[in-house]
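Chains here go by letter, A, B, C, D and E, matching the order in which they are written, and residues are numbered from 1 within each.
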């Protein structure tokens, strides 16, 4: 008799304790990354969303019921109205498990997949680290619903991987957001994954080849054949352009200069200088100033590599240190 | 007794006040852009749609009900039939919150995601600004439903970003659309976001390299080796083609000339002139007119850069001023 | 009493007048194009589908009901079973409005999005016009259901656009299709939009650069340096190949030659002839036939451009006239 | 009275005649191809699936019912459990029509869209023909359900097209599949469409340009300038590489050599031989063996084209005959 | 009477035998691969999921019921809560068949499609083998639900194929996973497909062309023309860059060096050495050390190919053995 009465009094639309804000401990656990789109600056991950809260109305006596925990379906009991703030459209839910312990503690476990927006700072590219954010927000006013961090349920799976990146560590913390258009405050839970890019492929595939090209262009300082020098120097230019185009297609159009763009610009400037140098040398020969021509050759042989090295040291200092 | 009767008389399909047009205040708030497709001239954003209207039938006495506002689910009360006009297919709705205040004011808050079409003017590309439009339309005749602008609920989130663009500001205003095929007028609400393109990446990756290439091609004015000159000039041509192809793949096929295409055409013309100039010089040498050949060299050294500069000033004046 | 009886006798699965074929006036109105895939030869558009038919069973007396028109939901009254024939899978319906006038005229308005297949004739590319077809078909035998054209409800929105194309005009007409496998005839309504391609981008980005390249290759008729000539001529070849590859990736693999392919083939042939000509000239010089070599140079200077012009005039005549 | 009883005895989950296997005549009719993915070796088509079977329980007396055929919705009568075997995930169903004739013959017509896997043999590419298979399978044991071919309902629409391919003809036949893991046999119906590739675009865009390049490289047999020869020969090499890369991106990574790859390999070998030949000629000149050098030139002029032709004839014989 | 009682006592949410863990035999059978994304390191397959377990509550007497097996719909009887662990979002289910034998053995057959994540080791690329994993997990504690391997129902279809790969064999085994954030153990079933890449296309399209290029660059050891040598050597460099870019776009950005990258790096180093060698030879000629110049030529002719071969043998030994 009593049980049925209790059930009729349980109102699913009402929070457990309407006098005080309901505290919900949130944990986000990364299972794996699905995709990562550098151009759109978004990533797709799938993970667990763990929620824990107290609902005294669901407490029960384990000796009576002969079970240590009760299982519910979604829609049978009150659950907090929680969404992701920086998600594109809606998260996909693979499944939800709801378990209540005798003391009324409700455990909510959801496996979800979502596409999240995350602005990136690519200034140090390809030596950059990124902070990928997943922001959980309560749709209810922070007077009613408060999100707490549940560190025991927050983490990243050991075998999670993201192609091209090393997953370093994560932070998680709650905070309060003041709405810009509504006169309300909302409780949030921020989960951040720190990743650092594998820069090795860029060293083998961009920096090293460009470095070879630059060295090849410097051979003009030892040669006296104008024709050969122009062939070498212009081939270097065409090669540098090819790498520039490859890099352009990988990066979003950011407002600032990235490290790799800076390096390519230096390479451009030096190759163009080499072409101009070659013509100057030729012109000196035409003007019967062969002595001067030989002299600048001897200087360029050590000066140009030195200035190139200094330029790159300055570039590294400005971008990476 | 009275309450239940009132409920039975509430007809969900009927507007609050059938004698007068229902006024709905609309607010659109951008949370974030998801994608932006330059080739298809469309963009995907997610945001809030705020609607506010009066429904006296839902007014209640807060002292009786002990709550300051009532919450409803969609389908329980009348809501205005509102869609996006320039959307591709249907918007995705993440969630809808419906709140009624004691005086019968209904607050509707929806988080939505939609792909919108927006024709772009790319004449000034990459120095262009675009106006992205989201048009809310009433499906009901403007005699029945009037949309108003709710400026307090309209805006853009501070941390919204669109890769490659700076979000500048927004406007919002209501207007009336006369249907072209139906004898009806429809009330609309137009929300415009102004964005300006980050042109820096194009300066580093297209303009500066092309400028280097042009300068390299001018070295032929100082050289007397026909073989070297052809190598330099034709390499410049091949390099310019490479950049042209990169630019072509980024832009939709618009009927008009864009700024960047204009610049590339100028570069083409000058490089081809340099090649022809080179052959002319060689031909003059063959014809034993070396004096003339040297003379035009001396003129070209300042004339060609000057004409190139003037061409670009004219281009800038025609497109950007 | 009578009304309730009438309602019970209304059978939703039955056509308004089972003795005669039901005539449905169809109007298709283009709101906007979403995408256009040249390679797959398909396009996606969203528009309105207007249907109008007579259903005497729904006629009512406006003085009794105090309204001038009744609104129904889909599924409440009989609606014709109508689909798109050339659609990929199913159309997405954003919304449907159903309105009945006192005389029993039913107005059906649907906003839909669909991906349609449409074979294209690209022979004149990029100076081609295309006819995009949207075919509405009745699933019922033409003895039962006849589609008529409703010209007042057919059209294209003024602000509709399709990237890369100019929307010219449209036609719409009904027709009857004889099924190839079933012994039945079906009534169809064909809506055609005529579009013409913006050819300007191809002129700036393909024809003009290739024209410059051809002109550059002709400089060999004025030069006596075999080395320079080979550099110029082979660079022209490499440049032409680059444009050929760009064009190949834009076009579907059609069985016939397109105008742009024809032009590129002519360019290939002329550049290869220039290379062979260069070697012939060099060979004549080796054989001590310098006089002959100079003579063919003087002829080639006007003959080759003339033949090239004639070739292109023939090409234009064959493809575009 | 009797009718209602009959209805209660009709069990939708039971086959028409449980004593004998139910025979279902299957017809597949291609409306149109949607996409074709060469790299993933899959295609998407939409068509009609026609099924015809006998269900005596649904037979009726047309004179009593005053209709010549009855229409049912799916779920109202028993339908065979039929799927596509080689489909990716599930087919999309646009609509299903179910019609029963007085003698109990049930006609089932479904418009479907599906993405099918189909391994391709590309050895003769681009002169290949492919056989695209759509396999209909019964989920029920072949003791219970037997699929037959209904040739009158099988075919391809006259205006069906597949970009880049000619649709030739089709076959359709039933067969029995022995399950590899279950001890059961399943009845299948195989529908095959034979298509042949339009090879013309490859002739214009790959074979003809490569042929021009090869001819250009042969000009070195008439020239005595080592510098020009290397320019011509290396440009040919770079051009051939460009076409190789274009072809690589169009083809899946198959384990065997395709015809086009074979041709490109021959082109590579001949261009490399030309480069080596050029150096040998130069070396002979250096070694003061000019007579020999001239002699091998005279031989190469006819020998190399001859060997090239023979190589290609062998290639064609090995791949295409 | 008894039957109806038994039915009322059957609780769908309860496991067959609550005193002991329920043992579920799992079989995964690959029908076909749909897609394989090397860059995102994921694959999509469709297959059968077979589950077999004992549910005494469903046992029946075949002589009474006159059938040898009963068929159920999903939702009518208890089924184990089983998901895929390494899936992206949710699997699509084409259909589920549920059959119960007289002794209470339940056979569950599901056709599913899923996109799975699978980290790859590409060090030996393109001579690599991969192990594609599909992990089935129980959502219930391993005290309640134990997964066993059902080898008779595990396999790969004979006509399954994966473009670019050879399907070799498969393993399947159960294991227990200790949760990192929950104090629970979960039973898992791991199904692994071993595939090896078709490396032939890479030999024809990358290794062989690069090998030709390297051989071409070695012709400079026989030539005394500095101009020709620079043309040959720089063309080789540009060609090698083209292949490098093609390879870069096919591979994900892994932290380690792959075999093909190692080979390309060796090619780069040797081509750059050839360019430098060329300049050195020219410089020796300028310095009137022609004897030395000829001498190093004679040495380089056999030394450079030898060192190149040794480098490649070391590379092969380090990566492939």
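Please note the rule applied: contacts are C-beta pairs under 8 Å (C-beta built on N, C-alpha and C of every residue); 3 or more make two chains touch, one makes a residue touch a chain.
These numbers were taken from a predicted model, which means no experiment stands behind them.
Inter-chain spacing, taken between the CA centroids of subunit A and subunit D, is 41 Å. Mean C-alpha position of subunit A lies 25 Å from that of subunit B.
Multi-chain contact residues of subunit E, defined as those touching 2 or more other chains: 227, 231, 235, 238, 242. Judged by the touch criterion defined above, the protein chains form a single closed ring in which each chain touches exactly two others. Beginning the circuit at subunit C and passing next to subunit D, one meets the chains as C, D, E, A, B, using touch as defined. Subunit E contributes residues 13, 39-42, 81, 83, 85-90, 115, 117, 119, 139, 180-182, 226-227, 229-231, 234-235, 237-238, 241-242, 244-245, 248, 251-257, 261, 265, 268-269, 272, 275-276, 278-280, 282-283, 286 to its touches with subunit A in the complex. Here subunit A touches subunit E in the complex through residues 27, 29, 31-35, 44, 46, 48, 50, 71, 92, 94-95, 97, 109, 111, 113, 152-155, 157-159, 161, 163-164, 166, 197-198, 200-202, 204-205, 208-209, 212-213, 215-216, 219, 222-225, 227-228, 231-232, 235-236, 238-239, 242-243, 246, going by the rule given at the top.
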